[in-house]
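In the two complexes below, subunit A is the common chain; its partner is subunit B in one and subunit C in the other.
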Partner chain A sequence: MQEAMIKRAKELLADGTVNRVLGWKKGEFAYDSTPSVFETAEELERDFVCNDFTQANLSKYLIKESRKEGKILAFLKPCDTYSFNQLLNEHRIIRENVYVIGIPGGPKLDVEKIKAKGISGITGISKDNFTIKIETLYGTESMPFYEAISEKCSNCKSKKHVEYDELVGDEGDILNSKRFDMVEKLENMTSQERFDFWQGELSKCIRCNACRNVCPACTCENCVFDNPKSGIDQKAAADCFEEKMFHIIRAFHVAGRCTDCGECTRVCPQNIPLHLLNRKFIKDINSLYGEFQAGADRTTKCPLTDYDVNDCEPSIVHERGVE
Partner chain B sequence: MLKISAEKLNELFDKIASQQTLYIPVDREDKCAEFKKYESGMTLSKALNTVRSAKDFFLPQTENLAEFRRSGKTIEVKDIRKESEDFVVFGVRACDAKSFEILDSVFLAEPVDTFYKNRREHGTIVTMACTRPEETCFCTTFGINPTVPGGDASVYFDGESYFFVPFTEKGKVFMASISDMLEDGDVTKLSEVQAKAREIMTRLPLANLTTDSFGGEKLMEHFNSEKWAELSEACIGCGTCTFVCPTCQCYDIRDFDTGHGIKRFRCWDSCMYSDFTKMAHGNPRTSQLERFRQRFMHKLVYHPSNHEGEFGCVGCGRCLSKCPVSLNIVKVMKALEDK
Partner chain C sequence: MQVNENFEPVIVAFCCNWCSYAGADLSGTNRLNYPTNVKIIRVPCSCRVNPMFILRAFQKGADGVIICGCHPGDCHYTSGNYFTRRRITLLYSMLDFLGIERNRTRLEWVSAAEGAKFAAVMNQFTEDVRKLGPNRRLEDLRCRKQ
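The block that comes next holds the complex of A and B.
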């Protein structure tokens, strides 16, 4: 796959279709990579990587990149194309300046899941069918492939690319995922249990803003939490109320626009399952306004920014809130 | 050497905790370790390091400094600081122990930060020697020996027993307080464990990383490097690296209007943030490139320039494993030294 991508990228650079390539650059170890812009065939051959660990969603970088001179080639996984589409719908990306090649998605692996098994000193990782073999400073270890699958890929909603100029590999389908199972579990808790769950998770927050900054739906030029004029700017939570406030406000702000790409949870240094907040909103929108998937197409209006006489009344909040 | 067997470790923790507050690294549900106030029955984590560094004990993420209340034409200033109680932090690694020296050189220099000093004076650091370094470790680059971790007292684990060695007066007082639980032990096995750890250190993927290309005298060369543009390109401007870093020390001071008085607080700041060092006239660093450059110039050039060659990094590897896009000081060092 990686070789086919490099070959095609070199062709498109050579024939002048694009002047840059957005992909992932090899890192220090077997598992780390950095989103990167490549300008030459030599750079691509030397540094380009696409493997089981290249999880990062590249779509958000296109806000900046599509405003530069010339056209850029972007390799997008199925989930990344939803973010891309949503950003197009919000007029954040200039479509004609991007050449999208859809590439197969995951399941991608998360090295944290490998490390959680107590495997440390990792010097190499290889895959053999359903097992991954891990070379370490302390000997060779192995574990089932599925146990290392990243959170964002463990409940994949779609293998289908919703926007592209060409595909590498075959087109996939929208999947029947179990992504709302955990949300249901939380809904079925008592309000005290649910409060305790979120209190436990959100109290780990260090307000590094990684979730916000990586989020393709968070594209405000100046976030209220950074803007002294907003009156609610804050660099750190003063108490546990503020810890929750940041995340809840953020979840409300991306509601109806979040495509469930899972980047927030992937980047959280404290492993807070932030995607569950967003999924609750997605599930509620589905049940209150009918099935809706942000970024699925370029025409459907988001129910939260559209009006229909059949829309539920605000009193639904009270009705549903009664235990 | 004085030791206690592994099965008696919790009895020892109970004893320490009965005298003063004790913090130890424990595993969370997600298998990541964090320092927690010891309560009977807690198990010492086997993880190499905690997600958050031990700097939190001396430079907490948020802290109230003073309160103001206005009545008529007078402003009452209330000093709200509390004297810290004595506490012990057990299981600090060599990298974090070294970070305290770096923080000291900033906060204990004139004018002394009395809030920091207060906590430093009341904390006893009991370090723990590393036996299983990870691929992200590069403390030896900064002259740190993880098998001799320093602090007020050190603990060495040979797989069966924990051996204790005091270094400072505070460490001796700590040792005296637990001496009745310690017994003399044979260090043959410990020597083997130490030798093995040292051997592993030489085989770490980052073992050959050096600081040769860095220091105060390299100021303009690195500041003007054209590589910052490419290096910072993917940076998303979050504060993960700075907040998990044991040596990042920048903070912001703000006044918060409670509606019935003003609370002045400080909190960690991050040079990665768009409003970092924003002043009345504006912001001296308006691009992410400049902010990104600031972090690494501070650690590799400015800090050694201001502190007799001491670098502002301890090679703990936290930024390597936590950056959302895998940018880190190692990549920066390798790129800058590559002429």
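The block that comes next holds the complex of A and C.
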């Protein structure tokens, strides 16, 4: 796959269709990769990588990149195309300046899950059907593939690209994922149990703002969390209220626009399951205002900028089952 | 849970300028009683209530937050309260999901002619919050009184 992508990128660079390529750059370790812009064929040959660990959603970079001169080539996985489409809906990306190549999605692997098995000194990782072989400084280890699948890929919603100029590899389908299972499990707890769960998770937050910075839906040029007058601008939380406030507001600001790409959870250095907050909003929107998938098309209105005179009343929350 | 008989909750009521605020006024001129625990904040429209206002109220020591607006269809700005309805439903649902007691939040539609309803709603809501006791799950310790 990587070879086919580099080959096609080189062709497009050579014939002048694009003058830059947005992809992933090799990192220090076999499982590292960084989003990067490549300008020459040599750079692509040397540094471009696309493997089981290139999870980063590249669509947010296109906001700035599409405003520069010339066209840029972007490699987008199926879930990234939803974010891309959503950004197009919000007029954040200049479509004419982007050439999108859809590439097959995951399942991608999470190196933390491999390290959690006590495997260290990793030098190389290869995949063989349902097992992964891990070369380490201390010998070769292996583990089942499914045990290392990242959180964002374990509940994949779609392998279908919603927006692209061309595809490398095959077109997939929308999947029937069980992504709301954990949300439901929490909903069925008592309110004290829910409170304890979230208190435990959110109190780990170090306010690094990575979840906000990576989120393809968080695209305000002036963020409320950067406003010193807001009282909750970037700083370590002094009280647990601040973590709750930050995470409620963060999730609320992307409600109805979140495509559930899972980047927030992926980048969280404290492993807080932030996607559950977003999924709760998605689940509520689906059940109260009709099925909606942000970024799935270019015509449906976002449920929070729309209304129906027959909408349910907020008292529906108070009337639900478990207290 | 031990109920403190002397507990006086702080209730923050966001009232829309055109209906509920006038409704509160009417309940006053009609000499109807509603608890002094209720602190009214006038907003141009219930749709003006940013989710942050609600959280901020809890942070600064509110034990309950109620939003009052014009009845759906009667909004001074035509459609403001329809947006409020969706937004606040989702926010309350999220607060519930995080384990904040449900009865601390409420939304009621009160028109300018419903002075009696305003007083009844405030009496009922204050009693509900009084039963719950002080807000401990969504409070900022630095802002706690005493």
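In this section, the second predicted complex is superposed on the first by the 316 of 323 C-alpha atoms of A that agree within 3 Å, B and C clash if a C-alpha of one lies under 4 Å from a C-alpha of the other, contacts with A are read in each partner's own complex, and residues count from 1 in each chain.
Throughout what follows, a contact is a pair of C-beta atoms (placed from the backbone, for glycine too) under 8 Å apart; a residue touches a chain by one contact, two chains touch by 3 or more.
All values derive from a computational prediction rather than experimental measurement.
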_Let's test your reading of the overlay: on subunit A, do subunit B and subunit C clash or fit side by side?_
fit
*Mind computing the angle subunit B to subunit A to subunit C from the CA centres, in steps of 10 degrees?*
90
*Touching A:311, do we find subunit B (first), subunit C (second), both, or neither?*
second
_Quick check for you: in the superposed arrangement, does A:16 touch first (subunit B), second (subunit C), both or neither?_
neither
*State whether A:241 touches subunit B only (first), subunit C only (second), both chains, or neither.*
second
*Return first, second, both or neither, reflecting whether A:303 touches subunit B, subunit C, both chains, or no partner chain.*
second
*Between subunit B and subunit C, what is the tightest CA to CA spacing in Å in the combined model?*
6
*Shared subunit A contacts, counted only where both subunit B and subunit C touch the same residue*: 238
*In the complex formed with subunit A, which residues of subunit B make contact?*
28, 30-32, 46, 48, 51-52, 61-62, 132-136, 200, 203-206, 233-234, 236-240, 242-244, 252, 254, 256, 265, 267-270, 273-275, 320, 322, 324-328, 330-331
*Touching subunit B in the complex: which residues of subunit A?*
27-29, 32-37, 56, 61, 115-116, 118, 120-123, 137-138, 204, 206-210, 212-214, 222, 226, 228, 235-238, 266-267, 269-271
*In the complex, go through subunit C and note every residue touching subunit A.*
51-52, 55-56, 58-59, 72-73, 79, 82-83, 85-103, 105-107, 137-142
*Name, in rising order, each residue of subunit A that touches subunit C in their complex.*
183, 186-187, 191-199, 224, 230-231, 238-242, 244-245, 248-249, 251-252, 255, 277, 280-281, 284-285, 288-289, 303-305, 307-309, 311-318, 320, 323
